[in-house]
Amino acid sequence: MSDMLALAVGNLLSPIILFFVLGFAAAFARSDLSIPEAVAKGLSLYLLFAIGFKGGASVAAHGIDATLLLSLGAGIVLSFAMPIIAFGLLRLMSGLSVTDAAAVAGHYGSISIVTFVAASSVLQGAGIASEGYMVAVAAVMEAPAILSALWIIARFGQSSAKMESGLIREILLNGSIVLLVGSFLIGWITGDEGLDMIAPFIVAPFQGVLCLFLLDMGLVAGRGLREARSVLRPALFLFGVLMPPIGATLGLGFGLLLGLSPGGVVLLMTLAASASYIAVPAAMRVALPEANPSIYLTLSLGVTFPFNLTLGIPLYLAVVRALTGA
Amino acid sequence: MQTHQAKRVEITIEAVMENRLTKALLDAGVTGFTILPVLGGSGRSGHWSREGQVTRAGGMVSVICIIRPDRLDSLLEAAFSVVDRHIGVVSVVDCEVLRAERF
Amino acid sequence: MQTHQAKRVEITIEAVMENRLTKALLDAGVTGFTILPVLGGSGRSGHWSREGQVTRAGGMVSVICIIRPDRLDSLLEAAFSVVDRHIGVVSVVDCEVLRAERF
Amino acid sequence: MQTHQAKRVEITIEAVMENRLTKALLDAGVTGFTILPVLGGSGRSGHWSREGQVTRAGGMVSVICIIRPDRLDSLLEAAFSVVDRHIGVVSVVDCEVLRAERF
Amino acid sequence: MSDMLALAVGNLLSPIILFFVLGFAAAFARSDLSIPEAVAKGLSLYLLFAIGFKGGASVAAHGIDATLLLSLGAGIVLSFAMPIIAFGLLRLMSGLSVTDAAAVAGHYGSISIVTFVAASSVLQGAGIASEGYMVAVAAVMEAPAILSALWIIARFGQSSAKMESGLIREILLNGSIVLLVGSFLIGWITGDEGLDMIAPFIVAPFQGVLCLFLLDMGLVAGRGLREARSVLRPALFLFGVLMPPIGATLGLGFGLLLGLSPGGVVLLMTLAASASYIAVPAAMRVALPEANPSIYLTLSLGVTFPFNLTLGIPLYLAVVRALTGA
Amino acid sequence: MSDMLALAVGNLLSPIILFFVLGFAAAFARSDLSIPEAVAKGLSLYLLFAIGFKGGASVAAHGIDATLLLSLGAGIVLSFAMPIIAFGLLRLMSGLSVTDAAAVAGHYGSISIVTFVAASSVLQGAGIASEGYMVAVAAVMEAPAILSALWIIARFGQSSAKMESGLIREILLNGSIVLLVGSFLIGWITGDEGLDMIAPFIVAPFQGVLCLFLLDMGLVAGRGLREARSVLRPALFLFGVLMPPIGATLGLGFGLLLGLSPGGVVLLMTLAASASYIAVPAAMRVALPEANPSIYLTLSLGVTFPFNLTLGIPLYLAVVRALTGA
């Protein structure tokens, strides 16, 4: 227990978390600190590019594990299933309408890549290895949750979600997925030789770029929370901190079942625990415009993301350590 | 100089709907349009700003379309079919243009 | 389609004054506005451009506000109280809007 | 509030021609203008977008110029001399302005 | 032959090419992946800054070769002459109007700096040195081709190209030339000491930045090609892949004549083979607005650039190796 | 003397200065070279992030000096006092109105962070250490000068500066101050461990990024100067090069009095000598819109910044060396 506390405090005092907190505090103090949209997008492209490539290069170095395909399958199942759990929980706990609850649920089935990156960086700091292909698992978990959410609406809602032609293609080929998967494949193809070539760009400065990006996430999350305080009723807040451990537990189960390495289990838990803030909100605006974006963005960015970043990840790591003795 | 009557339609709409809107406009026989970026705004659904955004859900764009007056109605119907369920503002202004053959 | 008379007010103002202006507009009962970025311009106080700027003093933005005609005067007074001592341009155009209940 | 009649001219033109256009406008006695960025558009010469562009040939800008009605003709002639051989759209709207002494 | 094949395959499987292919594929699949304009411009400024500075520092380290001035002269002659060849070829092969043919021809006389950078990076990978001042040769080759194109119009065309005052200054002082030449001079002045200071910024991460930039080039080229497929008749496509080897042959001749090092010859071939996509299109929009930009941009970015990147550069290198035994 | 000359020439031939000169020259030649606003802002955020963090980490490494608080106090006093001196000087020397003189004076009480960074980099090149907390001194010197300027207006002017509610908060919480102080604190908290993590991002590439940023400053300063030549009467120009040494002298006095290290004294001199171009202009546009921005921006960016960069910093260093034998 006291070890876990030390770990949690250590994690809380890492530059990555502290820059997130700085952004959050600056937003709440109504400072005009801000990162231009183009720069924020550039940082996000960099992270996807780097994390995808490194994952692929690691697969090239360690060979494919027999569990690669099973892990991808587990990711897809989790992404399809978690929105249903989330929806049930929301309908029980909160007074959200079917539409809003389904939209929120979709976010929790999908994943947040920066939470994944933060967990990888904690693992790296602790010297714990993990499967390179977890990046690919992250990629396949982005989209199924959206289909789940739309199915929920079709099944339980009055308002008809518009599953128009084009939307599915848009979801599957959204920029983050393409860049992540593409970089993963290129890293895999070019292997160590490729990694050597671009390591000074994607390895050494990675943590620093991540700090700047988390500063931006803090600013955006803080501003969102400040503006949307009113929608954040206690029941919703509670959902935002309860759903991650539930997802993580499912991730833990699958991870142990598949025999992933301790690091891999932590990452799968983190993926399951995290909530989307890029792909799913965009899909929801198109397909489910009646759902209130302040609710799902505030929950995902303003509650669950900070929760995972600060408490969730060290908790998942501690659990895996306790169970596997890693 | 010789100018001609036309209508200037301005549609402010969520960026995620941009392609669907412009497709509907072109299908409705519009000959051209111009897309302006939008920094932020405020309305019934609250305040928003592009600063630091990485999500693609948040922003809006403004689509400007200049057309011959007799085409206004089909344009508005096309626009309305897209903005109907979405947030967004449509406004029309009388204007005069050079080189009317373009519109 | 059914459209309704409205006014489209465009206020080009220094970016540092943006928050003060939008606050004054909301206080004057405006239901929404849209902010467009401005790249550069020229006027009595010379020429300027956003390129390479790091200072926050230099740029301008354009605030677009569509309102019911009877609210124009209070809006203009609110706007004027802010732009009065500052550089900036205010112009008003007659327009027609869909979904009038919004304004 | 007291407002004055004016014209709002909007010229959407290739970014490479921006300086030539604004020079022609100033030579024609215009007292100011504002330049808005343009994200993309469509017309007879096809579809374009600024995304990812590094070439300077591709983009457009929108130049807004508010003037006294009696100056409209000389402005349009100046504008036309520049846009004549180039792609671009010129539109004029009646507007009202505060602080007429500026225009 | 089989060596050349191995080289070509090796080149095709480098991260640089693969990221270009990723962008190209994403554009054709109509993914919404995109790099903000400001970031793309930032990456392009970085490349010019780095390549110019390194070229200058290399001149400072190795002294000026007697052939520096001659190489500059050769570059200028090539840039003036190639549009005339290209124009003749286009009029023979394709049904393009004089105006369109002249505009395209201007692009092929000038150069593409990113093709030059890609060739430098292939040379570096193969451990082949080259003259640092080839960067200056690249810079002087940008503009003369534009004058050639305008002269062709004045000589053969009905439509009068507008050689208004200001255009020449604009061409000579366009941002890329100024940054490239300026960085070259600063690299030269500050030499190894200067390079040491900023090497961690311009040397180590260079290849990684280049990957991101080529991803963007792939996206832009792919989108351009998708939209402008209709203008790309077979004769034009053929021109787009024939003109580069013709230019390269001229570059080879001059390079051998001047006694450049094998690496220098490859770079001069690459410069002659490449087509402009920054400076010339802008000049053509101003001076020759009647020419159809889809034609010249599609040829330059959509055909010749990918050709040089994937097949051309390994081919030029193989030829030089065969001839000089390097 | 000849040493000082050598130092000055050495300084003038550093890449940092030369890139500033390149930008300046490009602007005067009316080249269209330009750095997108978002990229320029991104570079500026990077510099604040890096310099703040390194300052904090250095405090963590060397412990707090007894003089930390005194130095902060000295900074605040300087920032309050210098506008009054500047105002007196301007009213004596130039025919500026009270409003314009007060606005200019406010700029000279405050500081320019990039001048501070340039001085740090000169110190680093010369192998002279300095107190890490000088970054914090820089931060506290940003704002008081604004209050001084507004007080001057209230005391001597007819036009009433609008000290409306909100302005003070805006000044104290402006983005640069928050990022600088926040990064300083995070650097302090995370210390060497934190620095190790992100050093490849904020230490190694720092000088290269600074070059690009100074290129942008040169472009902006050059363009400003070209447009505003007319306002720059000889008396104003004289003020722009006289005020920095006066400020530096005050900084020298305080620095010696406090017993700062030689490097610390140079930095305090530089801070006192520099003039704001970010925070103060924005505050003046809000509170004192009648003051002509061409005057204060041209003086600060077009005269005093280049003066300090090229002549001022080596001069201050030479003086400290002469006095302390460092």
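Per-chain residue numbering starts at 1, and chain names A, B, C, D, E and F are given in the order in which the chains are listed.
Here is the rule we use: a residue touches a chain if its C-beta (ideal position, glycine included) is under 8 Å from a C-beta of that chain, and two chains touch if they have at least 3 such contacts.
Note that this is a predicted model, so its numbers are computed, not measured.
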| item | value |
| --- | --- |
| Other chains in touch with both subunit C and subunit E | D, F |
| Longest centre-to-centre distance from subunit A, chain (CA-based) | D |
| Remotest chain, subunit C as reference, centres from CA atoms | E |
| Between subunit A and its twin subunit E, rotation from the CA superposition, multiple of 5 degrees | 120 |
| Residue-number overlap at the subunit B/subunit D interface, same or different (half cut) | different |
| Distance between the centres, which are taken as Cα means, of subunit F and subunit E, whole angstrom | 41 |
| Rounded Å distance, subunit B centre to subunit C centre (Cα mean) | 18 |
| Whole-Å gap between the CA centroids of subunit A and subunit D | 45 |
| Subunit B, residues touching no fewer than two other chains | 36-37, 56, 93-94 |
| Per-residue multi-chain contacts in subunit E, two or more chains | 32, 34-39, 41-42, 174-175, 204-205 |
| Inter-chain touch pairs (all) | A-B, A-E, A-F, B-C, B-D, C-D, C-F, D-E, E-F |
| In the complex, subunit C residues that touch subunit B | 1, 3, 6, 8, 22, 26, 31-37, 61, 66, 93-99, 102 |
| Residues of subunit B that touch subunit A when the two form their complex | 14, 16-17, 20, 45-47, 49-58, 85-87 |
| Residues of subunit C that touch subunit D when the two form their complex | 10, 12, 36-44, 60, 62, 73, 76-77, 79-80, 83, 89-94 |
| Footprint of subunit E on subunit A - complex, ascending | 36-39, 41-42, 45-46, 49, 53, 169-170, 173-175, 178-179, 182-183, 186, 189-190, 194, 197-202, 204-205 |
| Subunit E residues touching subunit A - in the complex, by the definition given at the top | 13-15, 18-19, 22, 25-26, 29-39, 42, 204-209, 211-212, 215 |
